[in-house]
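Here the structure is laid out as structure tokens; the discussion comes afterwards.
Letters A, B, C, D and E mark the chains as written, and numbering starts fresh at 1 in each.
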């Protein structure tokens, strides 16, 4: 079985400062992988490199067996990478529906199915995204990524700043997606909530993967050492 | 009976048809941490906006240290001793961490119409700024422009700037958001020490932190306070569980 | 002063307003929707007029000229986007100001090298010459055609921006360019197309207006300022705002030029009155803009961001 | 910090170059070279003024030419009244630069206080446009007001005088302008380093934050705007004396644009940016204007290449980005 | 040694066409004269006063120019002339003639080889009487030259005014003014709208359905703009001291040579510049410029073959000359002007009386 996405020994820079020092990551089809690590260790940067939003100085990025290291981000997205970015980044002046259809591509996820999945979005369909509450914006960002019918869904801090109830709702939604066979790459602070969903964990420190293994294999030591819990 | 440092009475604010805050009354007593929780979009940040003066309330009054401040500007309120942190970090991006704090110190001293003396050579200002940075754990990062700080460090710097103002009360809007577990732990300890210096109105979605810190809790839903009380009371309030906490707790 | 005169002046104001809208339509698109300050908009306007006049002169056909003017402006726009603008989206507005200021110099001088320093001739097409009787007063047919063109462009833009997926993507790009690309939209190519479209609209306006004005180097600059006034009054990025702004400016300017001297004549001698009236009339538009911005600092129809 | 040292070196080269070339021209008997450098110094002075508002405070005033023009008219009107013995609002004309300069600065400052009080309610592009609007009003007024020449402008038959110097001599006028420029640059440096400057630069980056620490942005911005206009007004008075002519064309929007171009070209907010920018702009016109009638084309290309490939202008190109500390 | 003559004119921007005519005609005159008495330096002022002043300084200080000429616009002339003549350099105007330099401000080193600004409009006012107009609507841009134009017209026009309107400098849309004309009950229109404003006005006027006769000074209907105005200009009467069809030897040769050299008809600016060049040449031939007094005397003699036929200076060193009424006609599909009458003979400007020079 070929891996769906494969990041191999990449180095990434912001201007002169290096953020990734030979990062590795593999995601198999149908798998949910969690990226973990302290603040500023390079989780989001890895995701940006995978989505081709950040140039890679060294190493390679492959998707579905194809080398995409030098591809522009819109082409990478068309291969099937769907991103829910850190900080939501909904299109503020667009309505909910417009946000959803802006980048939609045909497939299983349509306006109807997304609305059925997040009924709240159906209620707010004509509202401008900037006036949504934080949780609604988060749902919108997920729905928007689903509408591109991605083969790999990437969620970067999907629950930051959300009220506990909403957070529970989002986690439930992610669990349902996974059950449907969606491949997922996920970053989140709350390890407690992440554990039941992720099959495998990759822990980052200083821009490289320092621990990889099944979620069940995470020991309190590892948590203490790399996550400070 | 001590007087409250800050008290809000019947504050209301509408955006079009939406009532963001609806007849909110609330007090902040000396030495306490009063946590304000509630669902996303309940009106918490709007309330902070009204207290700090960025948003003009449609109705109601705000009393601070016994004085009605409802008509004052943001800067005037800050000078009276209202210190705030922003939900989304709001710093001077090209200024170093040190200089961000120095600006706060300069503002506290109230001398911004001085044209001659170079501010960066002011030893007293520098030393004091560095002392405050050390207090929040940013001693080693004093010279880094705030734009180049990591997300968590920026949250700490927000606090440092608020400290520089030596305010009579703190308004903290989700100070823990985006911080890792480690950072949250440190901040909880820090705030616990801070409340003796000045009371804190705290907005936060991290329930572990809130329950660890708060002396009193108010729950805002759809712009209205639906419950107010101690941690235990709020935790077990069925309406609050339904609207905010969910069943996971 | 008769009712007929008042009616005609009001009509003139409306017509001038629609002409202003035509001239600012491309600017609204590029500035309001793409977030790019393009001082060279007036130069694209000039290019449209020049190529139209040259082609119409060569072929004897106004409509071919119109097509040539639009095509030339669109081509210039696409070239500018690919070589210059593309690098400036992420920069601050000041860099855009400097770059497009440089483009004004280049395009004006280039036009002069290409077409010479003398104004060109562009006549109204035979189909649209003459006047129509509107009951109270005869009115030039061509001006009516400009009104129709202005309304047409407004409608078209409104549909394009508000009702098509292309429009949604353009607006999404204005909100967050990196994000829309990460979702699989080729925003680079899209922006080239939009910029070229904005340029083509400028070219269209130049060609249409060139038939009633002077086709000469530098004709774009006064237009540029007025177009900025219009879209700033209306609220940047709002097509509706640009329309309202244009009509407001058109009517107030026309009525001011007409009525102010008569008002001054009530207490000054006629010669002085017409001078003073004209002086006040010439700043009326700016007075209006300043007033509106003081009362509503983001224009009449601010687009929430 | 090598960048800092490079900037000091560049500043020294600019300041001394601006002084030494005309000095050489003085000995070599090339008065026109001196005139060109006087013009550079005056434009640089005007831009130093604007740099306070734009570079430090982030207020992109697209109407600064008005203060330049007003300064010019003060010099022109004073000289005219001194020349023909009439009075202005009952005040006698004066042909003393030492009187004219402060009057020009006060006039520009007062105008800026009024315009700023309205304009500073807006921000961003709206600020650009409202300052342009006010500038256009003053410009059209100057063109159509006949008393002081209207569009024809106001010739200054005899240059205003300075005690102990014959200002008709190019070198003498130059040295006055150079000294004023250096004073203004010194003032700029002081302001930038001061508490006022700290607040002003912070407001450019994040006004909400500044208000939240208790400094009211409006007052700081207005003060900076007025100071900025005063310096530009002084430059205008000097320009009128250099040209022996006060012109409404000095208030045209293109002039405002040129001042902005000088600043961006040199380096926004940089101490000697205006000098570098003015030298390039004026130098280009003088050198290529004589060679080809299409020199604007080449100027356009140079400006374009600067924006695209030399981000942050000439000073940044040579001395690197600035760190505010 | 040739004398350096500096020609400062507008070669870039919107008004470049006029400057190009001035330069071309001046160069043509030197060529036709085959004289090497003049070393000509040309520079573009960009229609900006402060530029013109700088260039004048440079020409005098670095290039040793002893005679300057070429400026088109009154405001630039006002900026340059006083400073230049104060340095004992001769300035000869090929176009602008602001009143300040014709009256009390006249000076021995300033010669105007074109006209005084008011006179063209005075001629229009005078000729309007000849045409029997009783009730004129008059219009000009709101700036000093525009005010002078209307003042000049009114000085000689004997009818009543149906309306007096000032437009905005650089205005492009004249619908409001045309509507006022329509409603005014005038029997004729006098306009002064130079450059692009005139082109715009005439295009819009032609389409408006208003059909009153127009009279104007040459500026609005000179050869440089006529092709752009198009047939709308046909039949318009405009006044000038020269016309391409003038039948004197110098003019026939000039018009032919100009067309030959540049492939277009000369404008009134070209004619004035041609005369300016020949005037200077004639004076240089008669006197050495190092003796300034003698040179000025030779200039005042104006001993050259003017394309205007007769030409002489008044006491203020401005021309005393005839002013003609011209009509715009189409000759072989090319629009041009043809003389249809004479407005003034040997006309001198009113400001000459204020000039202290003998």
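Here is the rule we go by: a residue touches a chain if its C-beta (ideal position, glycine included) is under 8 Å from a C-beta of that chain, and two chains touch if they have at least 3 such contacts.
Protein names from UniProt, one per chain: A, B = ABC transporter ATP-binding protein; C, D = Branched-chain amino acid ABC transporter permease.
This structure is a prediction, so every number in the text was calculated from the model and none was measured.
**Q** By that same contact rule, can you tell me which chains touch subunit D and subunit E alike?
**A** C
**Q** From subunit A, count the fewest steps through touching chains until subunit D is reached.
**A** The least step count works out to 2.
**Q** For subunit A and subunit B, let me know how many angstrom lie between their CA-based centres, rounded off.
**A** Using C-alpha averages as centres, the distance is 31 Å.
**Q** I'd like to verify one number: the distance from the centre of subunit C to the centre of subunit E, where each centre is the average of its C-alpha atoms, in whole angstrom.
**A** From the centre of subunit C to the centre of subunit E is 34 Å.
**Q** Measuring from the mean C-alpha position of subunit A to the mean C-alpha position of subunit E, what distance in angstrom results?
**A** Centres of subunit A and subunit E (C-alpha means) sit 75 Å apart.
**Q** If you average the CA atoms of subunit B and of subunit E, how many Å lie between those two points?
**A** Subunit B and subunit E have C-alpha centres separated by 74 Å.
**Q** At least two other chains touched by the same residue of subunit B: list those residues.
**A** Where subunit B is concerned, no single residue meets two or more other chains.
**Q** Can you tell me which residues of subunit C touch two or more of the remaining chains?
**A** In subunit C, 108-109, 112, 275, 278-279, 282 touch at least two other chains.
**Q** Two-or-more-chain contact residues of subunit A, please, as numbers and ranges.
**A** 131
**Q** Among the chains present, which pairs are found to touch?
**A** Here the touching chain pairs work out to A-B, A-C, B-D, C-D, C-E, D-E.
**Q** Touching residues of subunit B toward subunit D in the complex: what are they?
**A** 52, 54, 73-79, 84, 86, 90-96, 98-99, 102-104, 106-108, 110-121, 143, 145, 161, 164-165
**Q** Within their complex, state which residues of subunit A touch subunit B.
**A** Going through subunit A, the ones touching subunit B are 17, 38-40, 131-136, 157, 160-168, 189, 191, 227-229.
**Q** Could you list, by residue number, the parts of subunit C that touch subunit A in their complex?
**A** It comes out as residues 165, 168-169, 171-172, 174-176, 178-188, 303-305.
**Q** Flag every residue of subunit D that touches subunit E in the complex, lowest number first.
**A** So the residues of subunit D touching subunit E come out as 30-33, 35-36, 39, 140, 143-144, 146, 149-153, 155, 157, 170, 239, 243-245, 247, 249-250, 285, 289-290, 293-294, 296.
**Q** Under the definition above, what is the set of subunit E residues touching subunit C in their complex?
**A** Its residues touching subunit C are 11-14, 16-17, 19-20, 142, 147, 150, 161, 164-170, 172-173, 175-177, 179-180, 182-183, 195-200, 203-204, 207-209, 224-225, 227-231.
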